[in-house]
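Chains here go by letter, A, B and C, matching the order in which they are written, and residues are numbered from 1 within each.
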Amino acid sequence: MFCMYSNFLNIIDILGTFAFAVSGVFSAMEKKLDLFGVLIISFVTAIGGGTIRDVLVGNLPVNWLQNDVTIFVIFISALATILFGSYFKHLNTPLVLFDALGLGLFTIIGFEIGLEKKFSGGICVALGTISACFGGVLRDVLLNKVPLIFQKEIYALACILGGATYYLLHRTQLNNDVSKVICIILIFAIRIVAIRFKLSLPRVSLK
Amino acid sequence: MFCMYSNFLNIIDILGTFAFAVSGVFSAMEKKLDLFGVLIISFVTAIGGGTIRDVLVGNLPVNWLQNDVTIFVIFISALATILFGSYFKHLNTPLVLFDALGLGLFTIIGFEIGLEKKFSGGICVALGTISACFGGVLRDVLLNKVPLIFQKEIYALACILGGATYYLLHRTQLNNDVSKVICIILIFAIRIVAIRFKLSLPRVSLK
Amino acid sequence: MFCMYSNFLNIIDILGTFAFAVSGVFSAMEKKLDLFGVLIISFVTAIGGGTIRDVLVGNLPVNWLQNDVTIFVIFISALATILFGSYFKHLNTPLVLFDALGLGLFTIIGFEIGLEKKFSGGICVALGTISACFGGVLRDVLLNKVPLIFQKEIYALACILGGATYYLLHRTQLNNDVSKVICIILIFAIRIVAIRFKLSLPRVSLK
């Protein structure tokens, strides 16, 4: 039983890592970086959020230093995208789907680490959102852009709503893995609906 | 007695957090971020310096993860500024005063943490300066600007001078809280005088 | 014997720190920062890579907080470069040589810390590369540029090749210090050859 649960978390981790590594490569390619630069941006996008979370809560050495599977998945994902990404250059859809999936996956992983440390519910939601969104923030900072998620679309908000829902579900009798799948799908759905209908948060500026 | 001392530190902390959260919102508004982006920049400005300090010295989990008061103060400050900030859009003065106050407050808090860890005087001054100034550095990096404090005005220098003064005072018989107030006022005064008379450090470049 | 070894590491450390502090000042001067800004960029370039490495592996407080020699070396190097740097403004050569030397030195120091923590060979190479290259990445982020090492020339690749060679040599009977010198020279040589013949990695972009 523990084994199944553990497998479930591992598969979540690998899929999310794959999705973020691919989206990192696409972003880096737009800036015409060299091979090393693209690989680093791919790594940072995939592990950046989890790294910031691990550093903030003091889970050191950070997870990926001890996890060769993560490194391997990112490396293979990045190479495959570099070699074959040009075939679907006009297809924005896979990038968006991968990204939305990763978003849901990492939010729940981050939330769980907050629970383990017995932080308050709000902090757990924040840790989930940091895990999911701040790889992208680091990616944009390294690519010398104002982070995309500060400017448009419902992105972090999906993580916040999904995290809050998980907080409520995890206090019920519902099986934990079922709760996770529900919240991952919820985050995925909010994100896809937001893109489809071009929903965004209001901009704030001095009138 | 310990309680009074502790209250004194807490009030310092809340006032400083408020001042930095407000100045973060103003900076973010200039870049026309969305609501989530403005809130994140507000948080980063308020807790960024202390977070970098906590990570460097190994005080993990970082302070704000365990401190709901800080989170609450930033959230309320940021919301109030977003809602009512437009009323004083031509008033640069409150922004400057809040910022100068926060600068003094956080320098002393950072210095104290260095003392607790028994670092040398120079490192304590550096930790005070990092606590006070690097929230603003992170804010500017996220807003895709060269950090303001690397380019103009007497800003970090005020922290360095205030920190050095505190180092000297804390070795005298003077009551510790009195020393703190003196140094906070000193940093505040240096900063305000520098702005009033447009004092700045010399720029350095290859002639 | 231990003492000699220890001295050897210390000298490596001081030389590398000097080299990076100087190159940080040169980069900062191009952006016309003020005196404080130039000093901070010099510090960040010199200690940034090691700081990121220490945080990731959990060696906290980070090394330089407890090491007044490092602080002193950077401060003196930066001041000397600010004062006398304009005399050799047309000389790009010393900057390049210092930088290539520092690159080799820090790669080996980072690799060794990975070994101490019993990380896998690939992670040790990554830690060496992070130690050597990410001070420059932080420098470029603070100066609001896409990091140079993501865009051109053989830079990080020299660290990766040097680190991998060290991994192989350290498993042989060869004296450890001899291995170190060989790898530092190798990294230095790859870097200089790459500059001399304008070698670079292929850029990756969507065709």
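Going forward, a residue touches a chain if its C-beta (ideal position, glycine included) is under 8 Å from a C-beta of that chain, and two chains touch if they have at least 3 such contacts.
Note that the structure is a prediction, hence the values are computed from the model and not measured.
Visitor: Go through the assembly and pull out the chains touching chain B as well as chain C.
Guide: A
Visitor: Taking all residue numbers at the chain A/chain C interface, are over half used by both copies (same) or under half (different)?
Guide: Counting which numbers both chains contribute, under half are shared, so the two copies meet through different residues.
Visitor: CA centre of chain A versus CA centre of chain C: separation in Å?
Guide: 31
Visitor: Mind pulling the residue numbers of chain A that touch at least two other chains?
Guide: Residues 55, 60, 141, 144 of chain A touch two or more partner chains.
Visitor: Which bits of chain C are touching chain B when the two form their complex?
Guide: Listed in rising order, the residues are 26, 28-38, 40-41, 51, 55, 60-62, 65-66, 68, 71, 82, 85-86, 89, 141-144.
Visitor: Please give the residue numbers of chain A that touch chain B in the complex, ascending.
Guide: 55-58, 60, 117, 119-120, 122-123, 126-127, 137, 141, 144-147, 149-152, 155-157, 200-207
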